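Just below is one structure, and these are the notes that go with it.
Per-chain numbering from 1; labels A, B, C and D assigned in written order.
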Amino acid sequence: MSHTPTEMMTVAAARLLTNDEVCFVGIGAPSAACNLARLTHAPKITLIYESGTLSTRPSVLPLSIGDGELCDTALTTVSVPEMFRYWLQGGRITIGFLGGAQIDRFANLNTTVVGPYDAPKVRLPGGGGAPEIASNCGQIFITMAMGTRAFVEKLPFITSFGHGTGKGDREKLGVRTKGPTKVITDLCVMEPDSETSELTVVSLHPGVTREQVAAGCAWPLRFAETVSETPPPTAQELDVLRDLHARTRKAHGVAA
Amino acid sequence: MAEFLSLAQGIEAVLSDGCSVAMEGFTHLIPHAAGHEAIRQGRKRLTLIRMTPDLVYDQMIGMGCAEKLVFSWGGNPGVGSLHRLRDAVENGWPNKLELEEHSHAAMANAYEAGAANLPFAVFRGYKGVDLPKVNPKIKSVTCPYTGEVLATVPALRPDAAIIHALKADREGNVLLEGIVGVQKEAVLAAKRSLVTVEEIVDDFGERNANAVILPSWTVTAIAHVPGGAYPSYAHGYYKRGNDFYIAWDKIARERDTFAAWMKANVLEQGPEAFARYAEARKVAA
Amino acid sequence: MAEFLSLAQGIEAVLSDGCSVAMEGFTHLIPHAAGHEAIRQGRKRLTLIRMTPDLVYDQMIGMGCAEKLVFSWGGNPGVGSLHRLRDAVENGWPNKLELEEHSHAAMANAYEAGAANLPFAVFRGYKGVDLPKVNPKIKSVTCPYTGEVLATVPALRPDAAIIHALKADREGNVLLEGIVGVQKEAVLAAKRSLVTVEEIVDDFGERNANAVILPSWTVTAIAHVPGGAYPSYAHGYYKRGNDFYIAWDKIARERDTFAAWMKANVLEQGPEAFARYAEARKVAA
Amino acid sequence: MSHTPTEMMTVAAARLLTNDEVCFVGIGAPSAACNLARLTHAPKITLIYESGTLSTRPSVLPLSIGDGELCDTALTTVSVPEMFRYWLQGGRITIGFLGGAQIDRFANLNTTVVGPYDAPKVRLPGGGGAPEIASNCGQIFITMAMGTRAFVEKLPFITSFGHGTGKGDREKLGVRTKGPTKVITDLCVMEPDSETSELTVVSLHPGVTREQVAAGCAWPLRFAETVSETPPPTAQELDVLRDLHARTRKAHGVAA
């Protein structure tokens, strides 16, 4: 069964999740990955969307962070201030998912602006929940498609904090959580190096070469001593994921 | 006690040129009809406040209603950029737009502090990021017990809050259910408030003892505007117009297509148009 | 995920000698059965935390379970004094009791800050009063924007929270309705929690989307104890034992009548006694 | 129709309330007064009890601040933290009712302790909501039966702040609300003097003499230039109040 790079990215992210996790889920790839995990090997995983829905079990993927489907299938729904105070800052989330327009080698993210802040070349949407997701969740998984405009040497703006300028920076700021522990891309999986916290490729998706991955990254990308091959999506994983997308398209009447 | 007004009267009662307004809604219950009425009334120099400005603020900004935007995430959810917002920020069209940018956590806490009549909010945030370098309103306090330094943000106290809710009863009490966002906090934090509602009922009927209700005496005005959240949705009434969110990307990309759409669909329409939009997307009873 | 235990196991799981515990309930849903079990298990040197300590804390103090009380109003509501509390404070019987005294606003804010994982809470209070002179935990911060000086209190982070709720479902989620007090905050602020419930159900059934629910993964243990709030009440299940609150005044006034009552009604009873008390005051369906 | 001093106190307090007030109601005399007003001349008055019940309309008087009846007849019920944050501190209450074990001439109250705090002669229940009710409500009405152990020269402990040591003390502390504007007793009604803020008798209940009132107060009690007579309870006021108490006794099965 052949698959797309995005499907591989979603499946690779889903596999990292277990029944014990409480995930703060963003729209797009994280939402697909979390719900794929829930519909396959982690039926008891707890999913939370920042719109206030606790322990939600959508049968189709939401198009927005506050779709009615999320509320209808939630255990309960809280206000947004409560979500950010009791649940996110409260330290109740084990894994937060983030993406961004740009990432650097220490997994800091930019979703604010390209160019100077006061005279931007491109004004991006801004941080939203990301700054505090990055610091208050137990650990952070990042999903992003590779490319040299996304994986950059230096961020024009740090919207959310990863490992700063390297190992120990989080601790120096008094941040007690782990920060980014996985970056799942369409080509590979990276982890921060245990000595330096610099992102390092730990597994390549099937058929992807080191050169392809390096070409999608603007900094000289490091590879772990042992780089494994990501197992390809199983037929069951692909079936469930494609069914989910088909149901979603049908429910929303638009491409999802 | 809340006064029952037409939408036009309601907007006149709470909005004036130069005032600050929070038109809140977290995907659900966004007060689109009220935004269109503010555009028709030609309001200018508004400070628009919202965690997630989307289409309705894009429209108000593009029509020249705003001089400042206080926000934490400005995009077309799941679709992409807000082109009118970007045109204002990147090119100063139709006028320069000042930005005051926060994170969601900061804004949620700032509304909460406003509702609680505190001058500021304390939260654990903004560690290691660049926003405090460009927003002088982000400061800090030191915990008098542990010495920990925590982020602060001034309380939000808008001149006006405008929200859309599901129901009002005849006494003017207002009911929200489902994804309730920061609407209650926005109304309690504001000096004046307008609530547009799907329905006016004799009695809310069976409900949880702890339902989210704004008592009549916390609300300035109520206007009955069925469909008033479209293309956002109203839980149990009608679905989100996902196709319109996608279509907006193309409409808003160029100034002339935007202007033509606003003329035909806002300037030359009234609030009754919203009832038609909602009818077409009604939730099966 | 919450574990389903007997009441005795549940108390063993969350309480140990010397720990701090918040057994909350604002008139409604006071966890009396759990307090009796703690007495039977002979817990000592507890720091008892509660906004409104009433009969169950009077009993625990009189039985020598407590070395400290953190509170904001300690009385028998509508009746008068808590005689065992007074005997401990005024005469050191059965042991000296340290008091840490706050106002309701301070304690409500301190629980809220605990639930929000903040080290302290800020509120506008304690102006012109004497409590800050006798409670060194009351401090202040200055608003970095307005210069206003506001009161602070350290966040409450009890070792254990014990509450009584209406229902748990089979996954261990917990439902509270009616007067919900600070119970949700107490559980979220605490390291461990025990919830006694009236009923365990397959499904909560029809409910408001925004019902007050504690997800299973926020709760340590659940024990099924019908009637477990008596002589407090459980909304929709049974009424408050007003007559018992009045009777308690006489029982607790003298040490020997108190001891005799505790022996007959607590030490020689088990949690099943509560089902009988509640049955007698059942709310008509 | 003859009446008791407590009935007169309740009726006199009820008459001060209008449809426009949002009252923070305590158990006992305030609860009776507020509900009497609601059942007579002020049917639209808004009553709030600190247990979280907003706009409640009990048909019988509650015995405790958190009776089920309050919740059943409320518009909605909020958590206690929300009550103290959004509603009381939020500045949404126009009138707060307080009582106390002891009061001084500037309407400061003690409900904490008699004797030294660390070695009390009598340990009272404590402040509860009173300290912040006293400072955050628009104005404060106090209801207390007179007597020299209650109306004292000097408080051993200030639980809630009235007018401090006299006019201007509230402003000096940055408190923006009016504080106590009425003290309604079983014998008379007092108001703070407009120049000094010292409590001054402005009306005597029917049949009560100045000497009786003075004898119930440990400080030399002042009388206003014009002291009126409180109009006696009307037959309707007494009927409604006694019905309310009768319903309450029947519902609770105990004296109320």
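Basically, a residue touches a chain if its C-beta (ideal position, glycine included) is under 8 Å from a C-beta of that chain, and two chains touch if they have at least 3 such contacts.
Per UniProt, the chains are A, D = CoA-transferase subunit beta; B, C = CoA transferase subunit A.
Note that the coordinates shown come from a computational prediction; the quantities given were computed from them, not determined experimentally.
Q: On the document's contact criterion, could you list the chains that touch subunit A (CoA-transferase subunit beta) and likewise touch subunit D (CoA-transferase subunit beta)?
A: For subunit A (CoA-transferase subunit beta) paired with subunit D (CoA-transferase subunit beta), the chains in contact with each are B, C, in label order.
Q: Does A-B or B-D have the larger number of C-beta pairs in contact?
A: If we tally the C-beta pairs in contact for A-B and B-D, the bigger total goes to A-B.
Q: Can you work out the whole-Å distance between the CA centroids of subunit B (CoA transferase subunit A) and subunit D (CoA-transferase subunit beta)?
A: Spacing between the chain centres: roughly 40 Å.
Q: Measuring centre to centre with CA averages, how many angstrom lie between subunit C (CoA transferase subunit A) and subunit D (CoA-transferase subunit beta)?
A: Centre separation, subunit C (CoA transferase subunit A) to subunit D (CoA-transferase subunit beta): 28 Å.
Q: Which subunit A (CoA-transferase subunit beta) residues sit where two or more other chains touch them?
A: Residues 71, 77, 85, 89 of subunit A (CoA-transferase subunit beta) touch two or more partner chains.
Q: Of all residues in subunit C (CoA transferase subunit A), which are in touch with two or more distinct other chains?
A: Those would be 112, 117-118, 123-124, 148, 178, 180, 185, 209-212, 235.
Q: Connecting every touching chain pair, does the picture come out as line, ring, star, complete or other?
A: other
Q: Go through the chains and record each pair that touches.
A: A-B, A-C, B-C, B-D, C-D
Q: Which residues of subunit C (CoA transferase subunit A) touch subunit B (CoA transferase subunit A) in the complex?
A: Per the stated touch rule, the residues are 117-120, 122-124, 137, 139-146, 148, 150, 152, 154, 177-178, 180, 207-212, 235.
Q: In their complex, what parts of subunit A (CoA-transferase subunit beta) are in touch with subunit B (CoA transferase subunit A)?
A: Against subunit B (CoA transferase subunit A), the touching part of subunit A (CoA-transferase subunit beta) is residues 27-28, 50-53, 63-68, 70-71, 77, 79-81, 83-85, 88-89, 108, 112, 117-118, 120-132, 135-136, 157-161, 164, 169-170, 173-175, 252-254.
Q: Show me the residue ranges of subunit A (CoA-transferase subunit beta) that touch subunit C (CoA transferase subunit A) in the complex, using the header's touch definition.
A: 22, 46, 54-55, 71-72, 74-78, 85-86, 89-92
Q: In their shared complex, at which residues does subunit C (CoA transferase subunit A) touch subunit D (CoA-transferase subunit beta)?
A: Against subunit D (CoA-transferase subunit beta), subunit C (CoA transferase subunit A) makes touches at 26-28, 51-52, 71-75, 77-78, 81, 85-86, 89-90, 101, 103-105, 108-109, 111-112, 123-131, 134, 148-149, 178-182, 184-185, 212, 233, 235, 239-240, 242-243, 245-246.
Q: Can you tell me which positions in subunit B (CoA transferase subunit A) touch subunit D (CoA-transferase subunit beta) when the two form their complex?
A: Of all residues in subunit B (CoA transferase subunit A), those touching subunit D (CoA-transferase subunit beta) are 1, 115-118, 173, 185, 188, 209-213, 215, 217-218.
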